[in-house]
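When the chains are written out, they are named A, B, C and D in that same order, and each has its own residue count from 1.
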Amino acid sequence: MAIIVDNDTRLVVAGLTGSEGRFHGLRNRAYGTNLVAGVTPGKGGQDVEGVPVFDTVADAVSKAGANTSLIFVPARFAVDAIYEAVDAGIHTVICITEHIAAHDMLRAYTYFRGKDVTMIGPNCPGVLSPGKANAGIIPAEIFSEGSVGLVSRSGTLTYQIGHELTQLELGNSTIVGIGGDPVVGSSFIDVIAKFEADPQTELIVLVGEIGGDEEEKAAAYVAEHVTKPVLAYIAGFSAPPGKTMGHAGAIISGSSGTAAGKKEALEARGIEVGTTPTEVAQMVAARLK
Amino acid sequence: MDLYEYQGKELFRRVGIPVSDGFLATTPEEARKAAEDLGGPVVVKAQVLTGGRGKAGGVKLATDPADAEAKAKDILGLDINGHVVQKIWIEKASDIEREYYLSVTFDRGAKKPLFMFTTQGGVEIEQVAEESPDALVRLHIDPLEGFQPWVARRLVYGGAVEDPSEQKQIAAIVEQLYRAFVEFDAMLCEINPLVVTPEGEVKALDAKFTVDDSALARHPDIAEWRDTSAADPIETFAREKGVTYVKLDGDVGVLANGAGLGMSTVDVVAHVGGRPANFCDLGGGGSAEGVVDALEVITRDPQVKSIFFNIFGGITRGDEVARGILAALEQLDMSDYPIVVRLDGTNAEEGRKILADAGQANIHPEETMLDGARRAVELAK
Amino acid sequence: MAIIVDNDTRLVVAGLTGSEGRFHGLRNRAYGTNLVAGVTPGKGGQDVEGVPVFDTVADAVSKAGANTSLIFVPARFAVDAIYEAVDAGIHTVICITEHIAAHDMLRAYTYFRGKDVTMIGPNCPGVLSPGKANAGIIPAEIFSEGSVGLVSRSGTLTYQIGHELTQLELGNSTIVGIGGDPVVGSSFIDVIAKFEADPQTELIVLVGEIGGDEEEKAAAYVAEHVTKPVLAYIAGFSAPPGKTMGHAGAIISGSSGTAAGKKEALEARGIEVGTTPTEVAQMVAARLK
Amino acid sequence: MDLYEYQGKELFRRVGIPVSDGFLATTPEEARKAAEDLGGPVVVKAQVLTGGRGKAGGVKLATDPADAEAKAKDILGLDINGHVVQKIWIEKASDIEREYYLSVTFDRGAKKPLFMFTTQGGVEIEQVAEESPDALVRLHIDPLEGFQPWVARRLVYGGAVEDPSEQKQIAAIVEQLYRAFVEFDAMLCEINPLVVTPEGEVKALDAKFTVDDSALARHPDIAEWRDTSAADPIETFAREKGVTYVKLDGDVGVLANGAGLGMSTVDVVAHVGGRPANFCDLGGGGSAEGVVDALEVITRDPQVKSIFFNIFGGITRGDEVARGILAALEQLDMSDYPIVVRLDGTNAEEGRKILADAGQANIHPEETMLDGARRAVELAK
């Protein structure tokens, strides 16, 4: 099983002929992901190491059977690529691109939200289901296949926690980086609901950070709808208010969005919060034994 | 990017929201000149990107040009919450009958724009929300539906504005404010107070305006308004170098790749009893050159005593980071700084070997994030 | 039972203080419809013959429990009134207003279509469920309660057919005028699906006219999804191409939208089409005996 | 409202779609002057709201001003499908390398705007759709998503345009055409042909543009373009009187209240063997004055021999209609027209009584729609 990407994934990379798209697209393929197409306007008919390139996503769908789009195009073209994928009938869209204007993403989000589309990102590392498929920039070699579902707003922090889990011989069902922007396609809740429904996943780890209230909402959702154990880690306890901490979405506004507030909300719903990545991994190990 | 009041008012003016005439001044003489040009009593207002300037003495009424010059002298150079006043806005004084509050913000939680309106303006909106929540009208907008006239009616009638002329003026301002919000890619547009004059005219007496950094590329005129002189000089230097840096108040300089790992590293340093000096994200790439730039930024902070590199390579390669550290040691004077380095992930082993081979005495390798943090805290003592 | 309006309808009239809104709103009340509120901006606090008037639909919902909005405001304010009703949580919107700009209606349609909203009109006579409720301008006295579901793009033509049915002592479950504009909130298919699910309705009469292809689509839908007998009448066999016949939507474009084409499509799906209103009524009578 | 080519091109020009320079002319002399001002060879094009003007000799190339004058003389006054040419458009002649087709229409069925594009332009699009459907790219737009750049790419690449410069120009025109479609409330915007010149320039050589009548109020400049001189004079008169009227070709004048009942009445007149002279909708109100106006319009048609009033009162009241008929008999000379009147619904009985009491010999009451139609047909013989 696993979620979002798996053996049924037929990946098209938007921007496959660009340097990043090519590097990671081919890396994903090398991992075993079924990379069926690339899209670059004007380069239809070419190929990248045997992967056919099309002018439009519609062609990638009709001619190569693509069902998942991985977007690497620059910020000013990325929202168009999202619309193009959704309107071409793609049901899973993963957008790595960062610095997308928030209002553009807000409109796109409202648009595709009413449709049968799973979107991950933007400004995210992608999705990895170890042993099955990798769509994005997550270094797959750190992770092994297993039963821990991992969902995070951060990339490298996720690797850190994955690494700690691997040290303890624990594997992952799927690792989902939902992205660090103010508006992302899937929230913690969206992904947790998928993990809850996924037979492979036995335990869920939520990795949050300052800004917004997605962690608080996830806590309420977990208390009401999730039967599997959920553990959490929150980054940004030392962050000062009003400063953007690397991610556009990681900012404490007034008194809202603090790490302490999130920890409290999670614990109030019975979700244990680890103090360091190491401690979280140890808590997972304790639960699964 | 937060805008100054006078910049926000310029954007208000562009969409038709009524504001008072005024001029920017940086010296008492300019303030006098502005008051002369405006005629009559003026208000001298400190331009700072922080709240509470009124209480701090940053807003003063002046009866005539000479008085404006005097008040400007008082206000320029004032320290308001750590922000030194370098610019003042001189505008025609307004008689105020009533003070309202109107804002539209980017509500991340609901993923919709959120309007807030109350006739109890002039104070912090959080206070209104807490003390008289019924007086505060909150209304979300569907971004695809966009502004529709009923939105303004809900706010105006919901807020119990009774005068028909006021209703009409405020409804127009609601529409204009939404236009400003969308056109200028705002995360926040706040008018507090929105005043009614004794003559019944409604206008924006203050402006709080935040523009989405990711959208600045399509607003080059606004991007140029960024005022580096008022920001922390190290943060300004970091911006110039393209380094993601936030100054904190401790002595352990922190570098990590990725925002999440960076925040976590700062937290872990604090957790083991240390005081982080900064947050610094090397970013996804983490080139050797980027490492040099980041170290140059971090060491501008005189409080820094030790440095902790926490790298978990994904796209970032450990060997590249190691080379960057050695290059920095050559290019910058880093001999005073003990540098704790924890490398993991892509090409970590190569990186560790490069550092070991270099044999630099002030480089301290550590195996884990936690051990690295402890060592860096120890070395800062 | 019946559909769209019934004894549970709690009507708010947008424009109750205008002459048309007042006349028909009070007529609807006199028929027995539960008219709970009117909305006219700036007239909140007043009343129209005992019916409270509010400034906003939101007030009519929260203070008077309105669940159905009947819109009589002029064309340039009507789309705003539709959005206001939908966003205030009204689930049934009936818009009588004609001459709404097509693009405005197109956007509004796309917006509320994703929500749980039944919209009838614009440019329609409204909805009447004899013996239960009347929301609109249909002269209720012509109709009696019964088992024939009637759905039509036209007002007076519907009265004509209803009158012929009454002469034959046949009554109606509900009469729905879906409206004569290019974009209307509910299509024939939407209304037929409701009739199919309505226990009171035994037979459905579709009254179409030239323009568009809603009749053709309805024919295909009926063939696949409807178990109840469906009969039809089409107006406009003598209409010349390219001329707007009274309704903005009643226009033959090139060779599409002709009455003959519609008749053919309906008959191809086994739906009998009467040649005159009288004949249709006789066909209904024959079927129900 | 259908626009003439020259009006459509004016709207194209406003959104930036390239069109040739040109002038409108109504006389051969104006055509000569236009050709002089333009210089070089020109095309003289009949401005008529009907297709097939090329085959009818309504489009001619002129080599110089004298030739333009001669060609204008030929074309002005031509009858093209019943439309007499009163205006001609003189524009710079274009060399044509290739002809494409591009349109966006209001697709009522899908309730979405529909783009169509093919490189096989210059012929009727229905023909392309039938003969080589694969060459025609059809693409719906979500009205809330609006135009996005991928739309243009789908059309351009889908249509297999190969030259990159052409791709770019067409993509820009696609975006501009959508803007015209939305901004001017169009039901149809068609460019056929969209030509590529030997120099590689892409431009609109023709324009077919229909604006939503219900939206004309917000486009007063376009509304003023309505050309009453070219329309049927009775229809123009009806428009002035505010009467909904469509001329048909028979002898039984038809009046009904409501569009649906009106169409049905026309059908029933034909069904019983008659020939309807017109469609006329008294509208929802049906005031006495409206009845007089409608009768005045209908009797302008010299073919009309009898008149059939088919009224099913809802909002319309039978007594009011009856009074209108009597008023018309007084104000107009109606003595030659037998008038069959069928009244039902609201206040029908009162109406019938009013007519009976008046004792006018040419008023023939009937009980049902079918009987009324039969009687009116009989009386027209």
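A few remarks follow.
The rule is simple: a residue touches a chain if its C-beta (ideal position, glycine included) is under 8 Å from a C-beta of that chain, and two chains touch if they have at least 3 such contacts.
Values in this document were obtained by computation on a predicted structure and should not be read as measured data.
Each step here moves to a touching chain, and the least such steps from subunit A to subunit C number 2.
Note on interfaces C-D and A-D: more C-beta pairs are in contact across C-D. Annotation: 28 Å between the Cα-based centres of subunit A and subunit B. One simple way to say how far apart two chains are is to compare their mean CA positions; for subunit A and subunit D this gives 54 Å. Per-chain Cα centroids separate subunit B from subunit D by 57 Å.
Listed for subunit C are residues 111, each touching two or more other chains.
Residues of subunit B in contact with two or more other chains: 142, 144.
Interface residues of subunit A, counted against subunit B in their complex, comprise 75-76, 99-104, 106-107, 109-111, 125, 137-139, 142, 152-160, 163, 180, 182-183, 207, 209-214, 217, 233, 235-240, 243-250, 254, 259, 275-278.
Taken in their complex, subunit D has these residues touching subunit A: 142, 144-145, 148-150, 153-154, 157-158, 164, 167. On the subunit B side of its complex with subunit A, the touching residues are 106, 108-109, 111-113, 126, 142-144, 182, 185, 187, 212-215, 217-218, 244, 246, 248, 256-264, 266-271, 276, 279, 281, 284, 312-316, 344-346, 368-370.
Here subunit C touches subunit B in the complex through residues 41-42, 44, 55-59, 77, 79-81, 83-84, 87, 111, going by the rule given at the top.
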